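A, B, C and D are the chain letters, set down in written order, and residue numbers restart from 1 in every chain.
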Amino acid sequence: QVPKLEQKDTYKVGFAQTESNNPWRIAQTNSMKAEAEKLGYQLVYTDAAGSAAKQVADVNSMIAQGVDVIFLAPREEKPLIPAVMAAKKAGIPVILLDRSVDPSLAKAGEDYLTFIGSNFVEEGRRIAEWLVKNANGKSKIIELEGTTGSSPANDRKKGFDEAIQAAGGFEIVASQTGDFARDKGRQVAEALLQAHPDADIIYAHNDEMAMGAIAALEAAGKVPGKDVLVLSIDGGKEAVQAVVDGKIAAVVECNPRFGPKAFETMLRYAKGETIEPMIINDDKFYDASNAAAELADAY
Amino acid sequence: MHTLLRPFAIKSSGDIARLGVLLALFGLILFGALRYDNFLSSYNILSFLRYNSMFALIALGMAFVIITGGIDLSVGGTAAMASVVAALLSPWHWAAGLLGGMAAGCAVGALNGFIITKMRIQPFIATLATMLAAYGTGLLIANNQSVSVSYDSGFTVIGQDDFLGFPIPAWIALAAYILGWLVLEKLPVGRHVLAIGDGEATAGLMGLKVERTLAAVYLASGTLAGLAGVILASQFGAGQPTEGVGWELFAIASVVVGGTLLTGGSGSVGATLAGALLLAMVFNILNFENGLGWISLSAYWQSVIRGAFLLVVVVLQAKLMARHRSA
Amino acid sequence: MLLSMQGVSKAFAGVAALKSASLEVEPAEVMALVGQNGAGKSTLIKILTGVYRRDEGSIAFDGREVDFSMPAEAQGAGIATIYQEINLAPQRSVAENIYLSREPKRFGLIDHAAMRRGAEAVLKTFNLSIDVDRPVAHFDAATRQMVAIARAVTQKARLVIMDEPTSSLDEREVAVLFETIRTLKRAGVAVIFIGHRLDELYAICDRVTIMRDGQTVAKSPMADMPKMALVRHMLGKELAAFQAIAPDEDAPERPVRLAVENAGAGVRVRDVSLDVREGEISGLAGLLGSGRTETARLIFGADKMQRGTIRMDGRARTYREPADAIADGIGLVSEDRKIDGIVPDMSIRENMTLALLPRLKKAGIVDRARQDEIVTRYIRALGVKCASPDQPIRELSGGNQQKVLLARWLATDPRVLIIDEPTRGIDIGAKSEILKLLRSLADEGLSVLMISSELEELLAAADRVTVLSDGTSVATLPRKDLSEAALLSAMAHQVE
Amino acid sequence: MTTIETPAPQPSGTLSPGSRLFTLASRYGTFVAFLALIVFNVAVTPNFLSWQTLNVNLTQVATIVIVATGMTLVIATGGIDLSVGSLMAIAGALAPMIFMGQFWQVENMAFAVALAFLLPVVVAGLFGLFNGLLVTRFSIQPIIATLVLFIAGRGIAQVMTNGNLQVFRNEGFQFIAMGRIAGIPAQVVLMTVIVALTFAMIRYTVIGRQIIAVGGNEKAARLTGVPVKRVKLFVYMISGALAGLAGLVVVARNSASDANLVGLGMELDAIAAVAVGGTLLTGGRANIIGTVLGAFVIQLVRYTLLANGVPDAAALIVKAGLIVLAVFIQQRADKS
């Protein structure tokens, strides 16, 4: 069973972040810190710099420091299992944020408390579904993948590709990694647009690459939104603004503001409530129809 | 001087640097012990050793490579690839995983040796290329994602279990270091490695089999990286094709902080271990410092502090060596 | 016959270094291999030991055809070699260097104690008692040369090759070496001895092979080859007599240009005072390790001077860097050309003008025309044997490299030229040329400080000689008092 | 291309015309590799022969070339500079902060933009100077000396921006990456000018020759009066400043500065370009034209793999093979 959590006035909580090299992660970290500060808790924050192995070591050092709860944003599904198990053994409840761990090896409600976050496969599927409805005859897709081997890249590709295949009539002419980065995304888009001038849809696995792709389109003398539809995931302010401007056609939100919900869940557990095994964020969807209205709320 | 004291005699500026790194290591441990609760708890010590044994292994191989005047940038990629191979083979038998991973590392090492000695391409470039190739191969055979190891074949024992109260990976690293020390100090081939680092052409003229020795050194480095990959897979239950980024720089820094010159020709196995532990300790200290809550260090400050720490260590070392030289 | 090399040819980048050269050596004989700088002696040796591959020719060793692909194989077959540029691992200890690749072992592990004992024992036979645990780099060129010799003679080889082994040794060391060679001979070992000092060759060698321009031009028993004939074979012409360099004995005292007063640094240079006068060649003599090289480095600003004063033309000067000394018109041709002299990958042109560069510039840009002019002039004046001025200097023979380095400093038109072992590795023809050149430059006003281990050379060329012993200047002998006996007794001053 | 400073000795007329042709062809090893890549692309890659393709490749290669030029100088002295990527991030973070008025109120935009060009490059140059100081004053080995800023430098950039992305639009500033001079993209012009100046410096100036001498034999250089320390300080400073400049180009091109990512991995690209271009990492040589060709080869390989849909994992392997091959050809060429 998941270790119990005493009810106390203040807690020492650990937050094991996986990396902080993109705006999304930074927003997530800030949200966690802000909430901990608001509640007056002591936060032990670690950054694994993109290494699953280091993240396990980080969790171990939290255990050594005797934290009450561990919030873990696991970098990967499988390698973080030892961290979850070590915490369980040490009597510390773990709450997973934004990515989960391998369900065949660790179970919510048993080995860790719960998972809070979005479903990356679902994000890819949602954007694909929008495309199927709104393609207007466009059909040749360039896909800008996230960092090779990372789970959001794999899942966002899986969800999208499967849905597109099922719908039929579309062709993914090229799919290459842009490392979730604007500059790399732009360079890759520039090259792919040269090799495939007939492409009329670009699907980027995050906002940064989408912005890069828009720059590439403009440099190639094409009009994003008209000649080429740009689709993205994350839904940060800059991207939603781009939807308003008509440069991005649609974007699925993947909200990084985990702080309030994470700490609320923890307190509910301390009070003795049973926690559902999975808490899915309700992520918004922006397209021309709602972007202007929602812009102010975008993160 | 009494023969018993001979090993501790300070004869060269390298010895001084080695003394320096030991002092720094003890200083840092003392700092941690005084400042943080539970810093010297067995939990922290054991998990520290379990995790960092991977880096220690890689640093050992790197030490040998650097002593020859070379460099091996491929170790991180090799470890990542080896972890995938080990994970894929682990369902058969734990030994299949262990040997398979080491063989994968060995293969990259052999390739490095070939490119460097037969194609005569500089180690920096040769191993830069094999680093890319190792990552590529790892991703290909892993199909771009982490590969679960078998939890039934006993493979995870290697990385996760203890023996006589100490983590098995730490035992492995210890054994490797003892072996490494023996080779470097007590076997002719160790002397040859040092002489080659002193000057390849000269070593050849003195009748040493330079190419063969160099190839062996890269092979050893690759194999140790493969072993680190096996531990990676076993300890974390997965082969990870994207792990290992920056490990080579960590290893190089460990070796250099251990008083070994990148120009080759001198170096010490023991000091390399101390160097690796010292640099790893910085991460551990930073984690504890964050826990104090006095200052909440962002990840950014952490890298600034790590850089500054490295700076302080190498500058101090340089000063010590300069003073020794002028004395 | 022990060794027979026949019809060996070798070309580097299309330029022939050896043209069908041959060499034969019998067991237990000492074979002299002589020839001008660049004649191909070292190349022939390197082909024999597998450093280079030959283009043509055959080699038989001990009755069998051999084709060594690397020095390790030649060593394994019983050939020990001391190469021209001393080859030792500088950071390894003396003992390790002597035993590298055949370490004494106990239970499979290196027996460090045995190695130390062995090394001390063999060095003792060379009258050298040094700390064999110290890295070779801590010792000067002469000691290193002795270590290399010790390494070679303890290899139990059938053939020992020595490429200019005496170029950095003083007479006492040479005597020790010769004793060693005789011992080897008695044990049936053959020796190939390459050298430029004729007296030495006649003293130790049984037969001689003479090379010129990559070819073997003469072979004969040493006794049947008069000196003059040998030189004629070597040069392909008669040698202008090796004398008349010496200056006039009662020339008037000239003003002091460079004065060193009680200079010292560390333990190597304790207290050195000497004068270098305008238009004179001043000699600096001393035993191996007496601190001559270190003194030169102090004067030149290469090492930090801790005590004493240097005066140029009467004014006290401090040189923190060589650049300061150079700016004052001082030049230094260093002793070890491989470490302190050449920039191996740079061309002859660049190497020759390196010190001159700052003065060859117009608005920061090198004046190529002047550079060319200077380079051509010195290549001709010193007879540098090269394919073109654009050839990398590392491709030149040892002696020719030395000439380029000399030209490097002459080109700066210095007022004081310090020159450490000026004729090391230089053939007899070029040697008298260089000494004559120094003389004539002195006559034009240049002040030369010449460090030399060859007393004969000092006697022939110097106007006065300062003798160092254990880092201290113990005597200054004017021309009229100069004699071999006087020098030797001064050098022995504190040692005995 | 062969090295500039030491043209190999002219074969003395004994070679047949055929073998001379071969020598010539193999001497320009990198160039041959480059041509082979072009031929391959013309045959295989769709729409390769177009102005836009040339444009894309030239603009993309510009930053690598700029950084690799500085790297060539550092490597020529026998050093190496791992900090270039981090310095790009620092310069890239600094520039927008200046013209967006985060330090002080911007009153005159033209002035602010001029400052946004100048200040970051100067700061990066000073950081380079810091590298040089570590190398010369403290005799710290270059890899480690520059590893300090490799680790800390990006952290400094992130601390400056708090890790946040800075998005901007500023025509004046972005001219460096978006503008055109006589129809040629500004960054390409910039690259050409830098390469030409550096080439001339290496070949014709005293400091250029001294850089080579320091790398070729430091002891000998010092004994011939070369101001070794000053020469080294100079090259690290230039490398830093050029990295800063490249950082400006990147952020200007993206209309955004992301301290986390600007210049990430640039040190390896630059070093690979230098090596593929035939400059030995051991120092004593500087082949600027080779470096440019090396960068072109790396860029073309990247483009080829992308445009032909080679998956990332396989692309890594191909890239590795091509680097080894290119350096191998280049070295054989050097020997003949």
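Rule of thumb we're sticking to: contacts are C-beta pairs under 8 Å (C-beta built on N, C-alpha and C of every residue); 3 or more make two chains touch, one makes a residue touch a chain.
Keep in mind the model is a prediction, meaning the values are calculated, not measured.
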item: Chain labels contacting chain B and also chain D; value: A, C
item: Comparison of C-D and A-D by number of C-beta pairs in contact, larger one; value: C-D
item: Centroid-based (C-alpha) most distant chain relative to chain B; value: C
item: Centre distance in Å when chain B and chain C are each reduced to the mean of their C-alpha atoms; value: 44
item: Rounded Å distance, chain A centre to chain D centre (Cα mean); value: 34
item: Cα-centroid distance, chain A relative to chain C, in whole angstrom; value: 71
item: Sites on chain D at which at least two other chains make contact; value: 162-163, 312-313
item: Sites on chain B at which at least two other chains make contact; value: 139, 144, 298-300, 302
item: Multi-partner residues of chain A (each touching 2 or more other chains); value: 20, 148
item: Pairs of chains satisfying the touch condition; value: A-B, A-D, B-C, B-D, C-D
item: Of all residues in chain C, those that touch chain D in their complex; value: 13-15, 300, 302, 321-323, 326-327, 332, 334, 339-347, 350, 354-355, 357-358, 360-361, 364-366, 368, 387-388, 390-392, 395, 408
item: Touch list for chain B against partner chain D, complex; value: 71, 115, 119-122, 124-126, 128-133, 135-140, 144, 249, 252-253, 256, 261-263, 298-304, 306-308, 310-311, 314-315, 318-319, 321-322
item: Residue ranges of chain D in contact with chain B within the complex; value: 82, 134, 138-141, 143-145, 147-156, 158-159, 162-163, 268, 271-272, 275-276, 280-282, 312-317, 319-321, 323-324, 327-328, 331
item: Contact footprint of chain C on chain D as seen in their complex; value: 5-12, 14-15, 204-207, 209-210, 212-213, 216-217, 219-227, 284-285
item: Contacting residues of chain D [partner chain A, same complex]; value: 45-48, 50, 52-53, 56, 60, 162-165, 167, 250, 253-256, 258, 260-262, 264, 302-303, 306-309, 311-313
